[in-house]
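As written, the chain order gives the labels A, B, C, D and E, with residue 1 at the start of each chain.
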Amino acid sequence: MDALLDVRDLAVHYRTAAGPVRAVDGASFTVPAAGIVGLVGESGCGKSTLGRALMGVLPRAASIAAGSAVFEGRDLVTLAPAERRKLLWRRLAFVPQTAMNALDPVQRLSAQMQEVLVERGGLSRAAAGTRAAALFAMVGLEAGRLRDWPHQFSGGMRQRASIALALALNPALLIADEPVTALDVIVQRQILDVMRDLQARLGLAMILVTHDVAVVAYACDRVVVMYAGRVVESGPVRAVLEAPLHPYTMGLMNAFPDLERAGGELVPIEGAPPSLLNPPGGCRFAARCPFAEARCAQDPALVEHAPDHQVACWRAPEAPALRPLASEAATWAR
Amino acid sequence: MPGASAVARRPVLPGFVRATLGFLRRQPFAVAGLAIYLLFIVTAIFADQIATHDPREILFRGAYRVARYLPPSTTHYLGTTAGGRDVFSQLVHGSRSALQVGVTAAFFVVVIGTLLGLLSGYLGGWVDRVIMRIADIILGLPFLPFVLVISALTRPGTTTLVASVALMLWPNTARVIRSQVLSLRERGWVEAARVTGCSTWRIIFVHIAPQVAPLAALYGSIAVGWAILTEASASFLGFGDPAAISWGLMLQDAFANQALSRGVWSWFVPPGLCIVALVLAGFLVSRGSEKLLFPKLGD
Amino acid sequence: MKRFGARVAHAGFVLWAVATLTFLLFRLMPGDPTLNFLSDSFSEEMRADLLQSFGLDKPLPEQYLIYLGSLLRGDLGVSFLQKRPVLDILLAALPNTAALTVTALVIAYAFGIVAGAFLAFARGTVTEGIAIPAALITRAAPEFWLGMLLLSWLSFAWGIFPSGGANVAGSEFTSEWARLTSVDFLWHLVLPALTLALYLQGLPLLLMRATMLEVLNDEFIVMARMKGLSRWAIVMRHAARNALLPVATAFALGLGSSFGGNVVIETVFSWPGLGRVLVSAVQGADYPLAQGAFIMIAAVLVLMNMVADLLYAWLDPRVSVGARR
Amino acid sequence: MGALIAANDLVKAFPASRSLRDMMRGQRPVLRAVNGVSLEVAAGRALGIVGESGCGKTTTARLLLRLEEATSGSVLFEGQNVSALRGAALLPFRSRVQLVFQNPFDALNPRFTIRRSLAEPLRNFGVPPDQQEARIREAMGRVRLDPPEAYLDRHPHELSGGQLQRVVLARALVTHPRAIIADEPVSMLDVSVRAGVLNVLRRARDELQLAAIYISHDLALIRYVCEAVAVMYLGRIVESGPTAEVIAAPAHPYTRALVAAVPVPRVDQDRGDLPIRGGLPDQLNQPSGCAFRDRCPLAFARCAEEAPPLRAIAPGRHAACHLA
Amino acid sequence: MNRRSILLAASALAGFKGLAPAPSQAQGAAGDPIRPLVLITRPQAAAPAAYQAAELIAQEWRKLGLQVELRPLPNQQMSQVVWYDRQRWDFTMWQMVGRPERGDPDEMVYNLLHSANIATGYNFVGYNNPAYDRLAEAQRSELDQARRQQIVRQVQEVVNQDQPYAFLVHPVNLHAFNKQVFVEASAVKQAGLGIRNFWNWISLTPAGAQRDIIVNSTEPVKATNPFYVSGAPDSWVTDLIWDRLMRVGPDGLPQPWAAERVVQPDATTIDCVLRDGMAFHNGDPVTPEDVVFSFEAPGVGNESPMYRPFVQNIASVTATDAKTVRFKLKRPDAAFRIAVLAKLNIVQKKIWAPVLAEYQGRPENLESYVEARPIGSGPYRFVRSRVNEEVVLEANPNHWAKPKADRWIMRIMTNTEATLGAFRRGEINVLADYFGDPDLVKEMAAQNPRLIAVREEVDIGFQFVGMNLRRAPFSDAAFRRALSAAVNREMMAGAAWNGQAVPANSMVSPALKAWHDAGIVGRVPGGNLDGAKRLLQEAGYRVVGGRLHYPAGVRETTTPFQ
């Protein structure tokens, strides 16, 4: 498979007084040239950090400790900052979470569009105006609203505007960090539809960072499941969600109330993710895993168990047998 | 078994010792400020022991010859004033007046400001409107001119000064406390207190007040500085407490006697430096809490 | 528009309250205004006459109404000692104070903003470790002390600047404006303005630094970095512009408080401004003049408080432009 | 079966900020966050209130809890009108109706230990000190936080989100309430621990025969914990009925859109267009007649003229639509 | 009546009014302890020298066994207490400042201590001695200089015996000017004033290109009005703008000025013959009518409260011919020339008559009238005045005594350090109002002998402690004498006034050579601290347990000052 982005053993560490926090600890996955890859996991699993690391905007205290992220043949990790800047927004763009103050509050949308189009895209001001209107139309916003200030937009509209901004320079890869988390279901669905639609029309690649398996199921082609800074499972959405190989993925699927599934107890995953300050050796999920065995004290590698379906679990071969067990609350209870 | 990581016990040092040690390491500014405070507090307490002379006594050199402008020596560490008084002893005793002015003013600023800020923020409604209106009016009064006018119209003295400084400064504290309370009021645990039957007073004083205490203390430490500077300025302009021994009055005395032209640095530099140090201490303490107050700034 | 109206009304209310407070302050405090005139020939009759000529023999409520009425007409009464209209005396001093305040504030803010922005980037460096205490020290030092030290070095000892006043003695000018723009005036302005600026710069510096640090952590700045924008564009167009909002407000507030706060600097540098008028009036118990000077200083303060609010609202579209859905 | 807690035509109007034009006209527009909501819940039953943000569901909860004063309408608890109660008279009601917060990280006083947070309501409601420890342990047991000693002397920042939410629930249960109102009880929690909290909640309701009201934007969650649901739109209930029935066959077009929009964790979903147009209108400028009509794909002339009342459409089911 | 008998009578009366010790009491027995006494003073910031003096005095008085507390009060409050609460206070620091018209002793002698002024006038200490009153009255109308001198000396001796004040010092004025700017020899010193005087301002001669006299003032000029003076700097300015019939000369004696000649046909008639060719600054000639108006206007109604007292002894003033003005007095007045003819400003009737008419119908009086450009006939013309900054006058080229300088500029500088800096830098060229450290000026002059000239002159005024004779124990002359004796005046001059003062024991300054009793300082009864103790002992006061007690049988009935 021809990967647009190939992330290998990427590690991002936060320096703290107590020592390094391994927010991302050897994550590996690939992103094909087109399609939406869902990056899913609980808060603190490192998925957002990973997105920011790719964009090169880690906070002061954080740095990439190891690994590579080859994007269009060049390693983003080792690329000189000036070179990386050339890629940013032109090849690699970002859609932030709505709740965040991602649009400059004292600049009109038009100015923020112009800035990107003129300064980074090299368009004339007039051309930029036309392009901005077109982009707004593309995400379902009236061109007239370019004159507005960000605070005049509702959450959904702000997210549309962010998407329009991200698409301004026709990037090859769009990283969307929890783009719909703070939105209501109806708006969430609308935004997801916009993203799917644009992906299909423009044929670009997207990484959709989310904590919501349902969003992945709805919008993504592939999924990467992260747990405690590592990728535990990845593959096509259908394969991973319908036949999860990793107990954590199984648990995640069962922990969700399903609108269309009647009654029954939800199956919680007891406990909490490990501290990333001093993560335990071996499988990170072992402490919470009902299927953990002695060998789980060894680190399982992320290996391909089925075609295009990777998992990091010693008991992956037994997955078909474990899956029914995982759907029972008694299995997880202790 | 609950999640192992979150429950993991930290080392066995008692909480406050650990917190203090951590604070000292992380907040050099605040530590410096506290050290200065401590130095002056000790000086003030033992002023009688530290001072070499009675700061008010006019000293003589032989019969009817006042010992004026003596240079620094082992008997007069900082020399004597034009009036024949020992500068060092005045400086030492000045710390009492400075702390007295600073601390009492700050105390009232903090108490009044916090109390009204709490009431205004939590109770809202007409209480809020009345308190904030009064605050607006006071903020419409020019600070130093007001202090001067009050000093001129009443008997000048430390009490007048402290009272007018407190009167002028509480609105700043009240406003900040109020906005803090407004946001605290929306916090879940305050709402929870209401749902679980807490009386309004208990919510204000047991639940909310401890939360705003650091902020109030910060404004208090700044008020200490303001009060001391105001005392100095008022003294310089001739509106100080004439009976006090204060750094401001020392500077006034030195300037009136043209210590500058005489080049008597040992007279007019030390009181200025003491003022700078004590006021600075307040700023440093408050800056030390910057990270506490604006965690956003911490990386 | 609505906000503007409400804010103006609010300022009007505060002004009224301040005026009333001032009235009560000067009337109810002990002390007899006629004490100024004590002399070997001062009689009871003269005293009564004096009280009458200043309307001080009337009952308090009546005095208050007359006072409010006069204030509304811009009449601040007549100085006890100078026997001239208070307003004339104040208006003569106003340009000097305005020139000093504005110059000092502009210097202080120009320096403070640049240095503050710079320090925001120097977070955690040695520069920061020196600059911040230094900025704090300038704010902790008594103004008059600083002023006297500067005066002693730069004027008395090295003779660079004049030792006081606003003009060379007896200089002639065709107009007030010509005076204020003359080299002579500006030369006299340097030292007091620098001293005041030295004292004032700490606030914009620290404020700029703090807001800058806050803004630099804002998501839209991270976004700007992601967009591959130049550092200059990020700092100037996004960070500085947002960080300047509170600083601009502080400028207006500073203008208001400095007008009355210059008392000390004006005394040190024999600067013929409002503060000096106030101090000498208070010292001489010239109550109408002291009262007038106090009200004028307060009015500027209230006005500037209002301007600060409106300025903030105007600069920040989140406040000035209502939400739209 | 009588209602334990009921709302009667609750209205909450907030004064909206006025434009200059309004001022000149002497108008003071109001924003009706809650506009005539009636509902009832019996002991041992759970009602879900669902809707988008701004639909008034949280305000409804706050009105039911007497955290805010209703502009009109009343709240009945055990048949007693509690709307007029104040001060000490409100205390019995407070001890009987409890709240579970959305954000567990914010729901506990950060300076209090867990024990103190749990003891605080007991103190307030006059439970003698010697009985408090037993009550606290009982509550901790109900939320499956054992052994209690492992938690009671901690401060909130030492616990995880799931544990905190259980503590919050324990604090609600420690007063022996009859009704419990949960406002988005798990939305701030990680997916893997949500189920645990929901299970604890459901069990407590069953064991203690509590009347429960869940506020959520998530129909799937409501479906899991509530037998009945009320769908709110712009301050009004537009549809109510047994959860399963409402989800299976929504009667109101808004409910239909809502159901269609909820993502499910399965591939091969229907990805058709949502049966809804536009976004939420400005609450101050709602359309005439039916508030939903300008977003409704089925709207017709009558919808503009006449606001459809909430009426019974089937046993136990109500909807406010001319077409239902 | 010879001098001795008057003295005896005076002392006897004063003593009798006070507390006479009961002679029968046994030595050692004592009355009540004397209450703590409060010495009122202005604050250090306002009057550093007086404050320092008060501290020194208190230190000395405590050695007598008195409990003395210093009470610094701001000007206003001090005046309020001393002037309006005459029963309340114990003793107070006070001063009389020198003015040209005080070059005649009448004002100091009559106003300060005559019993007519006890109730509301300047005799706030409440000194009541009929013998003194007679002497004070006698000197006013005694036109024979030699006899009047003798009476004034007697007055001083009475005061010396009664000590209603403890006189401290006469300040010595220290002025300096820039010798490079002005010809040193052209500077004129006036007795009791120094070089800050009218004569100097017209005779100071520029030596080079700088032709402006630039003098400093620590106080702002408040009013420039011929009928109103609100402070010392005001009078320096009016002095130059408006001429007077006579002026107090450099020798302290009145001499004709606008009047060419002043003749006195009899004790109550004075004829002033005006100079030819005098003109106001607007070009109009100065006429006898203007002069008549100038002396009549202050007496009209209460339109000029400040000047009215000076014309009250004038029965009539008339223009007898084109250049003569005749004054008829109600009673003979020895001080008339200095206190009236050399004091009242000659104003233009054309300007002031309408103003007077207008103000008669208004609550305000002439003092409130502000001339846009004051017009007088003096040697300097008004140019402009800026509050707290400067007053500018220019030489009147048409004046018969045209000033040598081009302009006279007064700079207002409150900051003493800055004033000295400005003088050193040449921003001001006459240091005319200086209360700072005299050594600094003298050193400056010593270091720059070609640049700076210093002039010193004993002032007419004096500093004293006023004792409230209404209250025990100050009602006892013996007690007062003891307190006065305990004050070391040399130390006062040195330690409080920086050596810039001479000891005083009289209200008549040594500057007034003709009137001053030169030996009076040496005749303070008791003489020193030991003498003071002796005086107290003799008067029956006893120190018990370190605290001074009243003579036996005397109770303390006075409430302490609060």
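Basically, a contact is a pair of C-beta atoms (placed from the backbone, for glycine too) under 8 Å apart; a residue touches a chain by one contact, two chains touch by 3 or more.
Since we're looking at a predicted model, the values are computed, not measured.
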{"item": "Shortest path length from chain A to chain E (each step joins two touching chains)", "value": "2"}
{"item": "If a chain touches chain A and chain B alike, it appears here", "value": "C, D"}
{"item": "Pair of chains joined by more contacts [C-beta pairs], A-C or C-E", "value": "C-E"}
{"item": "Between chain B and chain E, centroid-to-centroid distance (C-alpha), Å", "value": "46"}
{"item": "Euclidean distance of C-alpha centroids - chain A vs chain D, Å", "value": "31"}
{"item": "Separation of chain B from chain C, taking each centre as the mean of its C-alpha atoms, in whole Å", "value": "24"}
{"item": "Chain A residues counted as touching two or more neighbouring chains", "value": "154, 272"}
{"item": "Chain B residues counted as touching two or more neighbouring chains", "value": "2-3, 6, 152, 237-239, 255, 260-261"}
{"item": "Chain E: positions in contact with at least two other chains", "value": "46, 76-77, 415, 417, 420-421"}
{"item": "Chain B-touching residues of chain E, taken from the complex the two chains share", "value": "43-46, 48, 51-52, 55-56, 59, 70, 72-74, 76-77, 415-417, 420-421, 436-437, 440, 488, 490-491, 494-495, 498"}
{"item": "Chain D residues touching chain A - in the complex, by the definition given at the top", "value": "52-53, 160, 162, 190-199, 217-221, 223-224, 244, 247, 257-269, 271, 273-274, 276, 279-280"}
{"item": "Residues of chain E touching chain C in the complex", "value": "46, 75-77, 79-80, 83-84, 107, 111-112, 117, 120-122, 212, 214, 219-220, 222-223, 225, 228, 230-231, 302, 305-306, 308-309, 363-365, 367-370, 386-390, 392, 407, 409, 411-415, 417-422, 424-425, 427-428"}
{"item": "Complex contacts: residues of chain A adjacent to chain C", "value": "52, 55-57, 85-90, 93-94, 96, 100-108, 115-116, 119-120, 148-149, 151-152, 154"}
{"item": "List of chain B residues in touch with chain D within their complex", "value": "2-3, 6-7, 187-189, 191-199, 202, 207, 210-211"}
